[in-house]
Amino acid sequence: MSIVSCQHLDKKYKKQYALKDLTIELEENRIIGLIGRNGAGKTTLLKTLAGQIVPTGGEVKVFGENPFNNLKLSANTIYVDDQMQFSLEMRIHEILVAAEMFYENWNRELADRLIYYFGVDRYDFHDQLSKGMASTFNAILGLASRCPLTIFDEPTTGMDYSVRQDFYRALLKDYIAHPRTIIVSSHLLNELESILEEIVLIKNGKCILHESIEDFKEYAIGLSGDKNVIQSIVDHDVIIHEKELSESQVYIAVDNHLSEKDITGLKQQGVQMTSVEAADLSMFLTNDTRGGIDDVFKSS
Amino acid sequence: MSLSHPDLWSVVNKQFKYKWMSYKSVFQGLMIAQIIAMVFSLFGVASSSMGFGFIDLNIQYITGDFVFFFTCLWAFFISVALDRNENRLADQIFVTNSWSRHLANVVFIVIANMIGTITVVTASFFVKMIHIWIFGIDGFIFFGEYTLPGMLIFFIITFFYLILFSSLGYLIGSIMRQGKLIKFGVVLFVGGPLIFTDNSYLIPLFQFFGDESSVIWFILKILLTSMLAIGLTTLVSRRLEVQ
Amino acid sequence: MVLNHDSSKPIYVQIAEWLETEILNDQISTDEKIYSQYQLADLFNINPATAAKGLNILVNNGVLYKKRGLGMFVKERAKEQILLRRKNENLMNMVRDLVQEADYLKVDDEELMKMIQQIRLERRGES
Amino acid sequence: MFDLMALLPILLFLILVIIVVSIVSKGTYSPNNFFIRRRNVILTGYIAVLSLVSIVYFITVHTQAVVENNEIGNLDEVITDFEEAYQHHNLDHESVKVMNEWTFSSDLEEISIEDPFSAYQLHVENTDQVSDIKVTQFMMNVDHPIINLIPNANVSFQEMSGHILIEEPRSHVEIKVIYEEFPIRQIKDISMFHRDHLVGKRGEESYRQHILIQVPEDVEVNEVSY
């Protein structure tokens, strides 16, 4: 069953499009990574799914219904980001009480254990927490509420490396025990990729790729070798990324659709073939230019 | 994972509880407003002077009027702030939609105003008692007897005044949240004349409610005005996204 | 075992190979239930779907069989299956690469055989 | 005891609030929530103190004489009677309320009256009914509690110089009135800022103070005003 369905979604702020003709279908009970650069429209898309933003065009359906102002959606969705603003008059333990009241699947034991493990002070006010602590608490809230649709928008902002690892591990373990649809957005893929099932790449308000993570890892292939040899065999259109290693040597990432003949040809000409790491690939695909930072410094 | 299908009223109920938990300061505000009003009342609530022959008679009225008016202002301001952006953001973390939020706000206003009413009535007697304790009972003239019907009227009229102020505050708050320019406009066109004119244009408004001596008509007027205000509020904030 | 996320081998292949190794080392014997996709996911901190993909490789290779609602079990003669396939596929592929490299370096058959024998001798000496 | 019945709405409202609040906050989802409990305790304490004081008010104060009707009944009749009575200086009439009397003895042929503030309606009468000087402060006989709060005139006589001195009356009088609150007054159609309800429509007429000075027939009186 498709839990999220967006058709030609537009969202315009003033004169600028945050989402433009975005179409996407997400299936139930998966962990989906939403990857894009800052400003690509990740937050706008996620907030639209959470019913907090009205799209200016197109159609969005979550659980088969329009999410805006929808009680059923609200009861089954939690949206977690680092901007969550709780009542200034409530302490952490009071917020937990409120969450338990609202969310049917709330697991108090899990919340209490995580709070204890991560060392969040129950008697603090939310705005007294440090940035990392606040993110940790928000993430705990997102986990313990066990909503059928759980959305984490850049959940690890401000967290330490070890806390991030712990959080992703906790997310995976709780997902294994209670499968549900979890969307995690990030501008970085590497720490996240192992727990993902699917990946969605978004660039300039458009969904440019939606694949299973395993397919994504085989999506591209890296070629390094003689510039002329590679350019003679590889079609220019399929080049995703290009980096000059030296005068004559070049590294190129291409769509993994080369024919057997091309592959043997390249191999025979001494071109090295490597797989492209998912994190690198996502970066290549979401970058605006095909080259890298080196191109900036290249004297023409 | 099975979906939960919340019904509106259970969500309203939960949201009310949530507000009850999260707006502790509303009642601190009530107490502070009323305590300030009671202190002011120690100097007499209103006085009028007149001359009998050549005796200049200064009459000091001891009533709970200050408490009443301060509580009306309290009702107004808590309602302006009730649906403010920070609160909508805080609401939105948990289960809500605009209907449930407005209904929960209305329930909250009604219950807060019930508490407001009971404190207005009792604080009025508190003010009188303090005067009597300080100056002794012999120095006073007593007008008006608190009979059972009188007390009922006291409660009912006070409660509906608070509801009136609250619903107007709720409406003005929602209009102000439509945009920075509108906020500025509201402050300019509502606040400006209040400060810089003699407010004579408000007299018909005050007379509409304040000169109504029929309880039934009074309640009807307030109910209609309040429902209109809250209806307008839901209309105004219908497609308001949280920024 | 720790997965090598940077390896060119996909993670699900690494999972399949690890399971095969477990079977070869008699950690799991015939008709015994093998790890579920969720256990594997938890064990290796990967998405259950990735783990399932690893298990499916073994089902397709005839190493495991499914019992509806109960999970996956090790087939009879699974070890032989694994050995056979590894010989036919992995080893042959490696030999193919070996021969290609040998050709590239102009090493003839005799020399290559000698090199192999020498390595084998060294290994025997070690053990 | 009937007065205490008026407390019933407080009680009813309290019960209503308690019921509503307990219904909406039931399902004790936060039994140990100290901060919410503390807020509730403070609020309950505040209401309890106010309610208790209200009960004290009803028990101790509410039985005080309450000025029910601030309009004086047959005022016109009283005024006519009073006019007639004081024209004839007949203070022994039911329409006249004598507030104070002073008697001074004097052998002087000539006395003068000093009334620096002209605070009273002053009448002087040479009569053979008195042998000494008799000063009477009086007013119309209306029954109103404010009358009791109006201070007495202070009249003294200096035997040496023959001055009757009507000293400065206390020109500024504070009266404290305990009154109903705005919501009740509204329904009773009473405005706080019209004094009619307090002193009656013809209040000024009826509260006017008079002083009658009676001296023996053969004494000459000089009225002196400063």
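Per-chain residue numbering starts at 1, and chain names A, B, C and D are given in the order in which the chains are listed.
Heads up, the rule we're going with is that a contact is a pair of C-beta atoms (placed from the backbone, for glycine too) under 8 Å apart; a residue touches a chain by one contact, two chains touch by 3 or more.
Computed from a prediction, not measured in an experiment: that's the story for all the values here.
K.L.:
By count of C-beta pairs in contact, what is the leading chain pair?
P.N.:
Ranked by contacting C-beta pairs, first place goes to B-D.
K.L.:
Compare the CA centroid of subunit B with every other chain's and tell me the farthest one.
P.N.:
Most remote chain from subunit B, centroid-wise, comes out as C.
K.L.:
Indicate, using Cα centroids, the chain positioned nearest the centre of all protein chains shown.
P.N.:
Minimum centroid-to-centroid distance belongs to B.
K.L.:
How many angstrom between the C-alpha centroids of subunit D and subunit A?
P.N.:
Taking the average C-alpha coordinate of subunit A and of subunit D, the gap between them is 82 Å.
K.L.:
Averaging only over C-alpha atoms, locate the centres of subunit C and subunit D and give their separation in whole Å.
P.N.:
Taking the mean C-alpha position of each chain, the two centres sit 109 Å apart.
K.L.:
Where the centres are mean C-alpha positions, what is the separation of subunit A from subunit B, in Å?
P.N.:
48
K.L.:
For subunit B and subunit D, let me know how many angstrom lie between their CA-based centres, rounded off.
P.N.:
35
K.L.:
What are the residues of subunit D that contact at least two other chains?
P.N.:
29-30, 33, 35-36
K.L.:
Which positions in subunit A touch two or more other chains at once?
P.N.:
Counting only residues that touch two or more other chains, subunit A contributes 94, 97, 101.
K.L.:
What does subunit A use to touch subunit C in their complex?
P.N.:
30-31, 168-169, 172-173, 175-176, 193-197, 212-214, 217-218, 274-275, 277
K.L.:
Which part of subunit B faces subunit A closely enough to touch in the complex?
P.N.:
Going by the criterion above, the answer is residues 1-6, 8, 11, 14, 17-18, 21-25, 86-87, 89-90, 92-100, 239, 241-242.
K.L.:
Give the list of subunit C residues in touch with subunit A in this complex.
P.N.:
3, 5-6, 8, 10-12, 38, 41-42, 45-50, 53
K.L.:
Which of the residues in subunit A come into contact with subunit B in the complex?
P.N.:
Its residues touching subunit B are 29, 51-54, 63, 69-72, 74-76, 78-79, 84-90, 94, 97-99, 101-105, 141, 146, 148, 178-180.
K.L.:
Inside the complex, what are the residues of subunit B that reach subunit D?
P.N.:
13, 16-17, 20-21, 24, 27-28, 31, 44, 46, 48, 50-65, 68-69, 107, 111, 114-115, 117-126, 128-129, 131-132, 135, 137, 139-148, 150-155, 157-158, 161, 210-215, 218
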